[in-house]
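Before anything else, here's the structure in question.
Chains: A, B and C, in written order; residue numbering restarts at 1 for each.
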Amino acid sequence: MSKYILKRVLLMIPTLIGAGVLVFFLMRLIPGDVCELRFAGTGLYVDQEQIDTCRSNLGIDRPMFIQFADFMFGFFTFDYGESMWTGKPILFEIGLRFELSLQVAIMATFVATIIAIPLGAISAIKQDTWLDYAVRTFAIAGIAIPSFWLGIMIILGLLIVTQAVTGIPWMPPIEYRSLWDDPMHNLSQLIWPAVATGYRYSAVATRMTRSALLEVLREDYIRTARAKGLIEKVVINRHALKNAMLPVVTIIGIEFAFLMGGLVVTEQVFNLNGLGKLFVESVQNHDYAMTQALVMLVVLIFVVTNFFIDLCYAWLDPRIRYS
Amino acid sequence: MLNRTGRLALAAVVGLGLTAGAGAAKAETPKSGGILNFVVGSKIPSYDGHQETTFGMIHPIRPFYSLLIRVNPNNPSDPTDFECDLCEGDVPAATENGTKYTFKIRKGVTFHDGTPLTSADIKATMDKIVFPPQGVPSARKAFFRSVDTITTPDSHTIEFKLKFPTAAFIPALATPFNFVYSKKDLDAHGMEWHKANINGTGPFTFVQHQPGAFVEGAKNPNYHFSGQPYLDGFKAIAAPKMAVRLSAIRGDRASIEFRGFPPKARDDLVKSLGDKITVQESDWNCVLLATPNQKRKPFDKAQVRQALTLGIDRWGGSKYLSQIAIVKTVGGVMFPNHPLAATKDELMQLKGYSSDIEASRAEAKKLLADAGHSGLKVDFSNRGVDQPYKVVGTWLVDQWRKIGVETAQRVQPSGPFYDTLRKKKDFDVSIDFNCQSVINPIADMTKFLGSAGNNYGSFEDPELEAIYAKIEKEGDAATLRQLVRQYETRSLSDEASGMVTLWWYKINPHRSYVKGWKIAPSHYLAQHLDHIWLDK
Amino acid sequence: MAIVNEAALEAQVEELEEKTPWFVAAKTMARKQPVGVAGLFIVLLMIFASIFAPVLTPFHPEYNSFENMLTPPNATYLMGTDQFGRDIFTRIIYGAQTALFVGFSAATIGAFAGLVLGVASAYFGGVFDLVLQRIMDVFMAFPLIILALAVVATLGAGTQNVIIAITIPFIPQCARVVRSNALAIREIPYVDAARALGFGHMRIILRHMAPNVMAPFLILFTAFVGQAILLEASLSYLGMGVQEPTPAWGLMLQGGAEEYAESAPWVAIWPGVAISLAVFGFNLFGDAVRDTLDPRLRSR
């Protein structure tokens, strides 16, 4: 088992390095750089000298391989430097947004789970009945509706409805306060994106629950349990559901990893100061240092989550361990 | 004693008189107190006004600092109305044949950390802007090329000696980016310190900045304009999407936004909130141009360029685009409300400004046919921002279609767009713009010169340069006006080296309880917030 | 020792290859999956609309007509007009062309590239598999939107580059699934038998492995088309998608949703409905295909 763990951990490293290479070169392929952008605010003329000064201050005029070595070395020694756009330490900038993104990811996952598992189970048990169709339609609608449209409609709906009912239009708060400082403010802001996102992710989880449960229900041991005379409810809850959970947990785990930093559009619509927004801004500002750091963070989360999922599988299914 | 009718009549007269009196007295009395929440659509790169150029920095950071002189916040549309901020009295006139300006500095002003302000601080600040040491960027260094020396005869006097007299110096000095720093800070911490730290003499002290979220400021009790600021503090909340900023004002999460909204957004707000919303509108010192690249054939031929400008229905466009975009006024090279700007009749003399668009289009098609380019294809580079770039771009594509020109619009985000415009220059025609803070038309109009650093048409026009050389030195108003018309005709009509589309239009709907803020023709001006108060 | 009858062995191998003939599957599906048929109907409607667009629509999708700007839906303009006076119904129909073009291109290239890589990875195994898997991992972990943003920022916006940007995340997704299916098949004895008979790599891959990963491949393909349409919409929202004046649903939604959601809701509603319906249709159809082809999921 420990050999398996070691192997999986070692395999993470080339993935991280590969991601580093990709983001490093991808960013530098985009025409323009942070200095040009900075000085172009009003269409003014700014002399080349200013731009060159800015470039040498940031170190982006050094040869590529030196910059890359610097970046990789910094990553593995936990020294991430400063943002090229704001000059503030990258860890500080990321830390600010991390709490919010984490909270939304947890809340959305919770929403997704409490929708998906019951609905998926119902859909599987009542396969091909109108209930099944209804659930599948509901689930697919969650994927089909563009997320930013849904978000805009939610906010607009809130404004219009509250004005119609109370005369004063209400919208969720637009600045973030920590859950510990001001729980009411925090929840009234984050519940909406959590529900909107959670609904989308429940779609995937619902369908996975359904298909996993369908497979399990055809297994021989389920037939045996029924033949033994156990009531259907016990069969489902004690035997089938538990065994169907593994692929479902996998999907939920992977989606959670994706929620950290992947909620770009949702954050724009609900004005959340999260990792997704930071991501888009840093790409648009050509802030190489920040984008690199964020990509490494997101890839790290993905790789570690996958590792734990693989570990779960290996522990539960000895065949995989020995392959 | 008056009977009932009489008393009513008296009450009416008194009431009328009071209102009239109040109208005559003009302003209501400002109330103190309250926190102003406003939304800002752009990001803050650093806090150093000398280096930055974006309004995303001005809106949240300007209130922490003061300038030497500033645009009069109660009359910001007048391009000649400047008042003293840190100086005393009136803005001085030039002496010594227009080459020397002597300012008296206010006494008793302190920085937020307690350091008293002297002329040495102003000198240190201006030295950083005008004569930055090697390695220190200064975005407006080019504005002050006329400055020869800056001296401080005593602790409350500062003198600027110019190499030659120019009307452009005072407006340049009033540029809202010229934050006054403390010499002590610059000496002790170096020239980069202000990028990440704030210590000024402004009406508000820095409380906190949560990057990506908000900037918070609190009232400065020792502000040098007594009684001000009226607000207890402000919060500048970051909101990159227009829909969010709009909803924020509607849901009262923010009271005002200082850049501007498109017309339909204003209509939505007014429709839903009625008189709880006040709308202020103004011409904007920003113009959208289409610049042809004269290094590319056949845009090096004047007829082809003329055809393109003839094909643009500016008057019709103004009527419709002003309903869906933040552009409106048809104008030439000058800010439309400036005394030197062309009148409607003068404009109509220019190619592309005629009210008979069909005749213009026919002429355009003929010009293209004569030049042998009837099926012209244009590679049009545009910036990936909706208002007004993409809207005007879509309109231009259709306008040129009507004269038989096939235009392919290539939209890029700001970074690559600037790269294409300034470095690679691989476009046929590009959208271009000229946005300035303080209205300084003699300086602003240099954009149209081929030799200007911010002109991307890749051409040389000695005749135009000669006209401008005369303009720079002309003192007589009537002759100046004539010269400006010559400049305009050559640039926009004869050579069509730059095609003005429309001038921008600023629409600021805000909550009615925000008082004291007067819209300026630029979103960079009058943002120090010391004159704003909340009526609630 | 008995001489192995090659022909007979080959016949047995071929027999084992046949799982579900296509036409039997299609008939089963129509009978048992009405929801899937509904999905197929939507897909066919889209295809029909995009082919016959010039015939079905009275107006030009790109010409401005300011005098008619922001007209509510009426007899002439079935879905109203947008801020440039363009008929929305026309743009929705032409938008189907763009959506299908973007969707099918991205899905086809992505799915086939993924198929090839996944099967090759499973078949050859060893270091090749290890390296390929790591590369796939990198692309899967890389945030989709950022990758698309960077690609579009580098290559410029426009339909072609949007397709490239959208295709890239599909390849590792497909490769992963195909690989795990192919791995399972590699262990089945008949592949060994085929190798023993001396069948070449290509033949084994094409005739034996590939057909057996068809089921998940098809499902992924239909899912990809839906995902591609949604991705185009998101990219347009961020300003990086197809550009004006091309009619594209995501672009129409972005232009309308923010500014005209209240004063002229039809500008934002119809594109949103079109996108949702298209994705819906493709997903329903894909679900039905999977349910039919996967014998384990058939109803009792």
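Here, contacts are C-beta pairs under 8 Å (C-beta built on N, C-alpha and C of every residue); 3 or more make two chains touch, one makes a residue touch a chain.
Owing to the predicted nature of the structure, the values given are computational and were not obtained by experimental measurement.
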item	value
Comparison of B-C and A-C by number of C-beta pairs in contact, larger one	A-C
Chain at the geometric heart of the assembly (C-alpha centres)	A
Rounded Å distance between subunit A and subunit B, as computed from the means of their C-alpha atoms	40
Distance from the mean Cα position of subunit C to that of subunit B, given in whole angstrom	47
Where subunit A and subunit C are represented by their mean Cα positions, the distance between them in whole Å	22
In subunit A, residues with contacts to at least two other chains	30-31, 152, 156, 268, 284
Sites on subunit B at which at least two other chains make contact	241, 243, 272, 413, 415-416
Per-residue overlap in subunit C, given as positions that touch at least 2 other chains	153-154, 257-258, 261-262
Residues of subunit C touching subunit A in the complex	32, 35, 130, 134-135, 137-147, 149-151, 153-154, 226, 230, 233-234, 237-238, 250, 253, 257-258, 261-262, 268, 272, 275-280, 283-284, 287, 296-297, 299
Residues of subunit B touching subunit C in the complex	241-243, 262, 264-265, 267-268, 271-272, 316, 319-320, 323-324, 384-386, 390-391, 393-395, 397-398, 401, 409-413, 415-416
Subunit A residues touching subunit B - in the complex, by the definition given at the top	30-33, 36-47, 50, 53-54, 56-57, 85-88, 93, 96-97, 152, 155-156, 158-159, 163, 168-171, 173-176, 268-271, 273, 277-278, 281, 284-286
For the subunit B and subunit A complex, residues of the former touching the latter	39, 43-46, 51-55, 134-142, 195-196, 210-214, 235, 237-241, 243-244, 247-248, 250-254, 272-273, 413-420, 422-424, 432-437, 447, 452-454
Of all residues in subunit A, those that touch subunit C in their complex	11, 14-15, 18-19, 22-23, 26-27, 29-31, 127-128, 133, 136-137, 140-141, 143-149, 152-153, 156, 207, 211, 214-215, 218, 261-262, 264-265, 268, 276, 279-280, 283-284, 291, 295, 298-299, 302-303, 306
